[in-house]
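Order of writing sets the chain letters: A, B, C, D and E. Residues in each chain are counted from 1.
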Amino acid sequence: MDFASLIGFLSGLALIISAIFLGGSGDVFVNVPGMMIVVGGTIAATLLTVRYKDVTTAFRAAWIVFTVDDSDPQEMIDNMLELSKISHRNGLLALANVESNSNFLKRACTMISDAASEKMVEKTLQTEIDSLYARHFKIQDVFKKMATYAPAFGMLGTLIGLIQMLSALDDPSSIGPAMAVALLTTFYGSLLSTMIFLPIAGKLKARTLMEITNLEIIREGSLSILSNDHYANVYERLSSYIPEAQRKPLIIGSQASAENIS
Amino acid sequence: MDFASLIGFLSGLALIISAIFLGGSGDVFVNVPGMMIVVGGTIAATLLTVRYKDVTTAFRAAWIVFTVDDSDPQEMIDNMLELSKISHRNGLLALANVESNSNFLKRACTMISDAASEKMVEKTLQTEIDSLYARHFKIQDVFKKMATYAPAFGMLGTLIGLIQMLSALDDPSSIGPAMAVALLTTFYGSLLSTMIFLPIAGKLKARTLMEITNLEIIREGSLSILSNDHYANVYERLSSYIPEAQRKPLIIGSQASAENIS
Amino acid sequence: MDFASLIGFLSGLALIISAIFLGGSGDVFVNVPGMMIVVGGTIAATLLTVRYKDVTTAFRAAWIVFTVDDSDPQEMIDNMLELSKISHRNGLLALANVESNSNFLKRACTMISDAASEKMVEKTLQTEIDSLYARHFKIQDVFKKMATYAPAFGMLGTLIGLIQMLSALDDPSSIGPAMAVALLTTFYGSLLSTMIFLPIAGKLKARTLMEITNLEIIREGSLSILSNDHYANVYERLSSYIPEAQRKPLIIGSQASAENIS
Amino acid sequence: MDFASLIGFLSGLALIISAIFLGGSGDVFVNVPGMMIVVGGTIAATLLTVRYKDVTTAFRAAWIVFTVDDSDPQEMIDNMLELSKISHRNGLLALANVESNSNFLKRACTMISDAASEKMVEKTLQTEIDSLYARHFKIQDVFKKMATYAPAFGMLGTLIGLIQMLSALDDPSSIGPAMAVALLTTFYGSLLSTMIFLPIAGKLKARTLMEITNLEIIREGSLSILSNDHYANVYERLSSYIPEAQRKPLIIGSQASAENIS
Amino acid sequence: MDFASLIGFLSGLALIISAIFLGGSGDVFVNVPGMMIVVGGTIAATLLTVRYKDVTTAFRAAWIVFTVDDSDPQEMIDNMLELSKISHRNGLLALANVESNSNFLKRACTMISDAASEKMVEKTLQTEIDSLYARHFKIQDVFKKMATYAPAFGMLGTLIGLIQMLSALDDPSSIGPAMAVALLTTFYGSLLSTMIFLPIAGKLKARTLMEITNLEIIREGSLSILSNDHYANVYERLSSYIPEAQRKPLIIGSQASAENIS
């Protein structure tokens, strides 16, 4: 559970709600038809824009906002160094037995142990990275589109309310409450966009970029292992992916005992 | 028929209409001159911006929003694997007889069986993909332009209404209804843009990207077949285009009985 | 004459004008100082932004909106196929005598008949395409800048009118007409931007892209002729530039009688 | 002196001023605190955003708007053709003595006469072009940032004025003048952005692009001379940079008498 | 301490504060719940969007706005020339002992002295530059996101205030002060975005670009040293990174006495 995200979400909600109750009763801010226009309209336009399957995938992916990101480039570099040691000691064929949580890493190992050419390894792994990026982009795009549609339907709702109010302008004293109701949909639309859709789209993008850094480390490491680079060279090539301050010095004499890499 | 799109469209429409009738009579929202300014103006500016032929093509393409997308990358990979088997068993010349719904695939097969060079196959297929992307982009662009023009003409209509109302400000009680009429064009413009033009443009783009993924699978598969890659290598190269979870394991011993590929 | 553009322009104008007269007298919409601020200001800012020469070139190019685009990629492909036949039958030197309306094509022929290297031909033709694109972009940019400046000066005019009205707020009954006048410049600015500048910029861009497709067909065809590709290969390479539905089947046995290519 | 720019600036100013005086006294439009918020705030935010040195450089560069652009690609092509003749007649070493106003051209000549490799010449000249583009971009960016900050501070000033007016709403008759004053900062901010900052940024960019075209002609010409291309080939390669209509025919027999190239 | 930034910040603040006090009491502009919505909401949405670690890193990096940028490309070029001399006199191995503040430079020297291949050096240093750019971009992005969220929450606060005021519109005389309070959050949001977040994001980007220029000089210099280029050629290649006016002439005979390079 990512507590920073949870605290962010709850405190943002609390701020808005307390601002509403500080100014009087919260009843004024509940308007079911208005909510239906904004939420329903946003979903309707999104269904028209993207495939149904992508919408459901996107909503499942949204949960990622509250999960801790446990990907660690440093750990991935250590893994690749272990693999480099293994390949130097036991030959490239030994990589066939490597166990890992990452299917991408397992796939790279299988290709290396199958004696695939460098060009083949590079192209296949790069296609997989590009393809993953394209799929994740499609999911982020669902939320970016919703962040655009929500305020647009909010404005449509406000326009409907304003036109109804203005066309029946008998009693000047009724203007205020009617305009308040009309503005509610704009409020709903902006709130959904700012507090929900934009942050989710941003977080999904950040996660994708981190995942791709990890995959690039695997790709570079695999190519380095395949071309039989020295252990220190593999370290040199891969450590460029993390900031100087976080780099661990290379300990040449360490034991590559565990072949089971997390 | 893509029911998700249809339900999206109908529910969006229903929401807007019910919101209108909940607030009173719907007559207020019908204003023929206002509709003419927004719809007519949008069409007029679009005709000035793009060629007449592109406008008609775009309107025919818009129907795609309600069709089910039946392109399936996994199926296309299976097809390429079949072709790989055929070429290994019967030689590259056997590909000349392949029947397929996809002209792109037929063309790739013809070029392979004609012993075209790898560079020639890659360049020709890539040019075709780029050219298809450029043509589809032009069609999407028609709807993106309409999504820009509709609110602009909505605002122009509102400005005309406001100026007329303000310049003849004799009776304060007439302000309300006149402003309601003026705001109607803004409402029409935003509605057209948010509910029609933007979703169509988005859906067309999504379909184009899916089609191009399929064409890229054909391109990569053709190059792999041409360079006489092993069956398993073809699978390895192509399976990168689909997510891990959806990949079917490769069954080496399967029979390549049917030469008629859908 | 491109009738679609003409009808678009006239009908758009007619819609706006009829909307104005439907609501009362058209006198309210004529305000010479307001027009001067918007039109004059837009021209002034454009002169400051781009060179005088580019402004005059842009205004001459604007006429293109009403001309029919008669460039036809299919025809250009036929031309290149004819040249391919001529070069096969009479040698590359025969291309020196080719007559064409297109200076780009004539130049390509001259270079081929002068036995220029493939790299030289490719680089020179590509530089010419890039250079043409850059020059056309500069012209489109003039109209895009005017489409930005016109509403900006419209808003400046409205601000001037509002400030004058508000600072001399003696008689409440004069607010209406004064605000109507103030809003007029916003109306002028939006109208110019939406009905004139944006469509011209869009049309110029569409024409440039079509012209460049034609030049790319010439470039690819020239390179194909230079490397002595077979007639069918030239057709294969070039037909990728047009959609499948429009491709003419290749008739191998046709006579290359005319050396004068339109 | 570039008279078109000067006329543009003066006429734009005259239009705004006459619009102000046509509507009454100009005193209403002078508000020193408002000017200080917009001008001072814009400068303050710009100093925070970019380095002090870049701000002063940008203001010196702004003068360029009123200077005539005398760079002429055709002349530069003629210069390169002269150099090509000299190198053919007297050898590459003769280029060491070439005098020119352009340090870039002198540098290219020095490198050619020093027998630098083609790769070295290309890379060095390209780095210099990229580096010049990056530096000029930084200067344009100062004005683009100011064009963003000026309206933002204009709006801040208007908000301050509105809040002060609304919080002390005793006398309804004072609303008008107070709102006029509040709107003034928005007017200042928009005016500065539209009439000063955006045009300067646009002009600087246009000049940079023209200068880079000239440098690219020098780069291509130098590479052509270095690879000992024929005089006509140099002409062919370089003339692609200018439009067909402006190309001068090549006169082969002309004398290369002057080694001092402007 | 960068005094220009400090003066910019203080003068901007002073202008806003004096504008507030010139118009009356400053009490009107203090509204704690409003501040909490804008500041709290911005932080909450940012925590949802980016990782907690990136937020804290970003706030630490923000201090950079007030530090003097002491990176000097000319000095870096001098350093690389010294290294070139050292390598010519004492061999590439001598570079292993070079001391420098820049870990990037030390790393380049270590790789050169370890006899790494040119491809390896180029790829490793380039990966490090790309990786640094990506990390810095992530930090700038935090402030760009805050510059978007702050005005959005300002508008949400204003909407809440407006809806509360309009729904309880009993006493017309209370409209003014209530609207003033409602507008305050818009004011806070715009002020934060314009005076704090946008300038910080801009300054961070400018610094990153300068740092990358320095790293590119090291990369190019290292490659030049590695390929044993002549001292004058190293100077030629590297001096392209700085403007002509600032280039120091090369003094060939100078002594490379100090091996300790700052």
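Operating definition for what follows: a contact is a pair of C-beta atoms (placed from the backbone, for glycine too) under 8 Å apart; a residue touches a chain by one contact, two chains touch by 3 or more.
As the structure is a computational prediction, the values presented were derived from the model and not from experiment.
The minimal number of chain-to-chain contact steps leading from subunit C to subunit E is 2.
Minimum number of contact steps separating subunit D from subunit E: 1.
Averaging Cα coordinates per chain places subunit B and subunit D 40 Å apart. For the pair subunit A and subunit B, the distance between mean C-alpha positions equals 25 Å.
Viewed as a network of touching protein chains, the structure reduces to one closed ring of chains, two contacts apiece. Per the touch definition, subunit B reaches subunit A in the complex via residues 2, 4-5, 7-9, 11-12, 15-16, 18-20, 22-24, 28-29, 65, 69, 173, 175-177, 179-181, 183-184, 186-187, 190-191, 193-195, 198-200, 202-203, 206, 209, 213, 220, 233, 236-237, 240-244.
Interface of subunit D with subunit E (complex): residues 33, 36-37, 40-41, 43-52, 54-55, 103, 111, 116, 120, 123-125, 127-128, 131-132, 134-135, 138, 145, 148-149, 152-153, 155-157, 159-169.
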